[in-house]
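You will see two complexes here that share chain A, one where it goes with chain B and one where it goes with chain C.
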Partner chain A sequence: MGKNLLKYIIIGLIVVVHIIPFYILINLSFKGAGDVGSKWIPAQSLDFGNFMDVWREAGLGKAILNNVIITGIVLLLVIVIGSIAAYPLARRRTRWNNFIYTVCISCLIIPPLTILVPLYKLVVDLGGINTYWAISLAQVTFALPMTIFLYTGFISGIPKELDEAGVIDGCNQYSIFFRLIFPLVKPITATIIILIGVQVWNDYQFSLFFLQQKSIQTVPVVLSMFISQFQSNINWVAAGCLIGMLPITVVYLFLQKFFIKGMADGAIKG
Partner chain B sequence: MKFMKWQSLLVVMIVLAGILSACGSSNQGNEKKPAENNGNKQATEQDSGKKVTISVATNVVGEQAKVLQAIADNFMKENPTIKVDFSAPGKDYENMMKIKMASNDLPDVFSTHGWAKLRYGQYLADLKDEAWVATLDEAIKPAVTDDAGKVYVLPMDQDKSGIVYNKDVLEKYNIAIPQTYAQLMEAAETITKESGGAVAPFHMGGSDNWPVGQYFDYFANPLYISAAQNQSAQLLDGSFDWSNWDQFAEMFADLHKKGYLNKDVLTAKYNDDAKALAEGKTAFLFYGAYAIEEAKKINPELHAGFMPIPSIVEGDTPTFVGGEKTTWGVSKDSKNIEAAKKFVAYFAKPENAQLVAVSNALPSGIKGTAVDAGDLSTYYEQYKDIRVLPYFDRVFLPNGMWDVMCKNGQDLISGGITVKQFSENMEKEYNRLRAAAVK
Partner chain C sequence: MNTVETKKSVNANRMALRQPNALQKVFLSPKALNLMYVPALLLFALFIFYPMVKGIRISFTDWDGYSPSFNWVGWDKYTQMLTDKKIFITLKNTLIYGFGSTIFQNLLGLIYALFLDQKLRGVGLVRTIVYLPVIISPLIMGYIWYFFFQYDGGAINDIRILFHMAPSDWLSSGPVAVNIITFVNTYQFMGIAMIIYLAGLQSIPKDYYEAASIDGARWFDRFKSVTLPLLMPSITINVVVNIIGGLKLFDVIVALTNGGPGYASQSLSTMMYNLYFARQDAGYAAALGNVMFILIGIVSLTLLRMLRKREVSM
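Take a look at the complex of A and B:
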């Protein structure tokens, strides 16, 4: 009994810690500009004005569409390129493949912001500012190492006999991969959709520099225009954040059961 | 084993290459090559080469940005061949501009938020041949032109910052507008005592760090510059004795020690300052009139006033700080420089500059327009003869000192450093940055 009670107290504490930021966010999003009470005090009334205002002023509809387009392109490319690259890396452990794998993994260590200036110059020279393709390619580049790492780890754990059985049944390399291997790595694909998807969806630094026109900006960038040195409309930003995180939350709930399996499997079978 | 070594060497090399490429680029940024402006290129191609697009970027957001946008929209209506791409990225404007300077991709027209000469000077086209130059208000001219006659930017308004106060609070505690620093401290003492700590004489959003710098920028002028006997020459030629700074740091530390600042000074933000003014929880703020505008959003009934910065040295008189506020500069590498200049000229029309000035509750930068700053007009009128000095750090400290001053100020009240250390840090950075600037 005593053990259980302690367990529930600890669980309760963890739940509270996780809920507090959401409480503040939701609370702020309902507070009007004249409501000067502390962020801890519940809003005086349930006012949806902030949501409507931020939707209109920030053009959130268009921004969410941009998010969907960019995240979609990135995920598609990352999953296709990442899985295809990981398959031979996992199956043929030659020196050369190990070298390639090492190069991919070491890219994980480079903090993306350290190469911002040269990358920005490159994108400017290529004419990629305010385009979907430039921001998507940049995101794909930074997402690929993680993707290859996860896929390689997982595919290594699939018995080679499966490939051999495929060969006996008359599959070539491509159909082995697409018909046998790819369906098996679904948990990893779900993990990548969530991990990389959230990362790209919420990206601020790259989007801020590459997407300068309002018509192509994503949710985090349009919301940032409500905050400046001299004024900030934190209630609108809170409301905008709530709207902006809804789509990704839905996707997360949908893929959650795969996600947990994928994280655990990819981590163990390195 | 040998193989493992190989791998780790490779990892190290790739990481180093990544980091070095970032360092290297800052040097390349100084190479002057014509900026490739893609937004423009694409748009012009689409419009069969007839229509030009200019990119315009500003640091302001909210109402002020809307006014700029509305004028830009009118400009487009009158000039159908010019399309304006207007962007107001908010708080990351400065970071964005630093990246853009490093990669020579500045917008055609951009605002310089107080740094027209020092930071953006070498990237700006000379606007001296523009017709509006003759209409510039004399008071603002020194801030946007140099001795050689170069006109850096169009100032649509002019900053005139002093101390804002809550009238009701001053009336409640029977306090007259302080003329000297000693009177200001007396007032603070009265408020602290009589309110029992409920009203903070000064409210400072110290976690934002720039509000701390405001104190030093405000009072450095009366302490070192504005009096007849002053140290401006020493500060400029580098012979300033930094042990003098002890007194200044001590003055600031005293505010905190004596309980004159809000208790949450290290966690409060600028917005909390405006809120405290609106709610009558503070008497004075070290900000320009913009803080009143912000506070009125929370409490439209607020009775707020505006006063010059009290003098410190015996025999000196109060001052304002000022300089450029809302400006447009034209990138010298702009591909559509004519269109960009036309855009700027449109904002120089007295009625348009007036709109911008009114949105900031500041005097216009263009001659011949009456100050229409709402309730504040009376104050501008009342104090029209008070001297307006430039911000201390923009003139007497090398570029980069602002952050040093803000961070050390924060450290001082958090107890991280002593008054002596503050002065030493200031001296060290002042010498280092001066040497770097001379190079």
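Take a look at the complex of A and C:
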């Protein structure tokens, strides 16, 4: 019992240490301009004024909407393009297809930033600056290696007898995929939605380069601009950060089992 | 009338299905299945391979990033790196961000995982809270930690003042700022390492430990001879994922120091960004991008090879 007590004290300590940054953030965002005491001292009153001011001043509503639109487009495309690409790679293991698979997977280690200059020029030439499609397609491309990797692994695990049964029932090779295989890949699709969804939702680099008009900017970009403008108003900065992280945090707290499992799956199979 | 015609067309369709024409035959051949990955390949070609080739070309020019004219300058942009004083500190910082965060994320992740791999209440809560930063934008994480390290009214200086110590301007010193950035990156992503180690620990069969206990092995011996070798696959994943993440670090640096003071905490990523968008030296930025690509490739593949060799099968 005494031994366990020590362990519970350690658990308590870990929880406190890891929660402190969030305590400071939340505390700061509630403090009014006149409340200049230490960041550690709880706010004198629960004042929602900062949130209202920041919401209006930074235009976070529109930014969140842009996040939803871009993340939605990317997820839809990455699931469709990734899963159909994975099917031949999993089922027709020819030497050529193995080569294609290796090419797809090696794209995993390419950080988009290393090709920033030519990529930015390409998007400018295509007229894609400040458009939903350019940022979405770029995000899809860099999310595809992981997606193809996970789908190929998962589809390889589905018994081939299923395909053979499909042939007997008169399916062609495409309807086998769409009618028999695709309904079965739901678990890995959930993993991909979480893995890629978090990545795209929080993306700062692509958004910073490709979205230069306020009306199309996402939360991280809007927030960074707002903060560089109002750096001295630390309570506004905190309120902005809190609003910015709230949507995904709420989803995480409700679906945390899927998040933790999904992220671990993605990495372990990677 | 209508139904008859519909029936006719349905029949015609059936006939067509039974006797595929030449085009359909090609379409239904096993090789044609490969068409399904063409959309993905087109995207790779457009947004990765074409820019990569183009990036190599740009790195041999003095292009400023927007004007239509430029000159070919050969290897100038690469030799320029060798004489650029900033590049050494930048490279050093990049390596600290990469290896520093990797070491601490793995050490802390492993310690946390070993501790959480017990039947205790509150383990789930710890997991949820330690993992929370992983899903938050690194930019926001950087701003949150700024509240701690800022000079005036910073949360840490408040504590120093409480203990009658002089407040310190943490982020005004380059080396300290580099350590702080490494720390923030570690704090944010150690949850991933923790979860992967936890999954790895839970997949080790319990009778391995029992066998070791019967042989009289102590905790540390068991850890060294059973846990660690069987955890190698998890170590490989964590090290490779963390090193790539650390070497390309960008958002946290922008939020905390923007590479400053001066350029003392900049990484290859932020340096490249500034060269391109602030200093209009696209040629140099492209050359730097290529160097960064090669650096990340070599470091991650070497580590992958080294670690894979040490993996044993259960």
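The rule is simple: the second predicted complex is superposed on the first by the 198 of 270 C-alpha atoms of A that agree within 3 Å, B and C clash if a C-alpha of one lies under 4 Å from a C-alpha of the other, contacts with A are read in each partner's own complex, and residues count from 1 in each chain.
Following the convention adopted for this analysis, a residue touches a chain if its C-beta (ideal position, glycine included) is under 8 Å from a C-beta of that chain, and two chains touch if they have at least 3 such contacts.
No experiment lies behind these values; they were computed from the predicted model shown.
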Should A:Val250 be classified as contacting the first partner (chain B), the second (chain C), both, or neither? neither
Using the touch definition from the top, say if A:Asn97 reaches chain B (first), chain C (second), both or neither. second
Considering only touches as defined above, state whether A:Leu184 meets chain B (first), chain C (second), both or neither. neither
Tell me which of chain B and chain C touches more residues of chain A. C
Touch check for A:Leu65: first (chain B), second (chain C), both, or neither? neither
Contacts of A:Ala165 with chain B and chain C, given as first, second, both or neither: neither
Applying the document's definition of touch, where does A:Ile84 land relative to chain B and chain C: first, second, both, or neither? second
Once the shared chain is lined up, is A:Val237 touching chain B (first), chain C (second), both, or neither of them? second
Between chain B (first) and chain C (second), which, if any, makes contact with A:Tyr8: first, second, both or neither? second
Kindly classify A:Met225 by the partners it touches after superposition: chain B alone (first), chain C alone (second), both, or neither? first
Shared chain A footprint, chain B vs chain C, residue numbers 36, 103, 107, 109-110, 114-118, 120-121, 224, 227, 234
Per the touch rule, the chain C residues reaching chain A in their complex are 28, 30, 32-34, 36-37, 39-41, 43-44, 46-48, 50-52, 54-55, 58, 65, 112, 115, 118, 120-123, 125-140, 143-145, 147-148, 150, 153-155, 158-159, 187, 192, 195-196, 199, 233-234, 237-238, 241, 244, 247-248, 250-251, 254-255, 269, 272-273, 276, 282, 285-286, 289-290, 292-293, 296-297, 300-301
In the complex, chain B touches chain A at residues 3, 7, 10-11, 14-15, 18-19, 21-22, 24-26, 28-29, 36, 38-39, 41-42, 55, 57, 59-62, 65, 85, 87-93, 96, 99, 102-103, 105, 208, 210, 270-271, 275, 278-279, 290, 294, 297-299
Which chain A residues qualify as touching chain C in the complex? 4, 7-8, 10-12, 14-15, 18-19, 21-22, 24-25, 28, 36, 38-40, 81-82, 84-89, 91-92, 96-97, 100, 103-104, 107, 109-111, 113-122, 137-138, 140-142, 144, 148, 172-174, 177, 198, 201-202, 204-205, 219-220, 223-224, 227, 234, 237-238, 241, 244-245, 248-249, 252-253, 256, 259-260, 263-264, 267-268, 270
Interface with chain B, chain A side, in the complex: residues 33-34, 36, 95, 98-99, 102-103, 105-107, 109-110, 114-118, 120-121, 124-125, 127-130, 208-209, 212-214, 221, 224-234
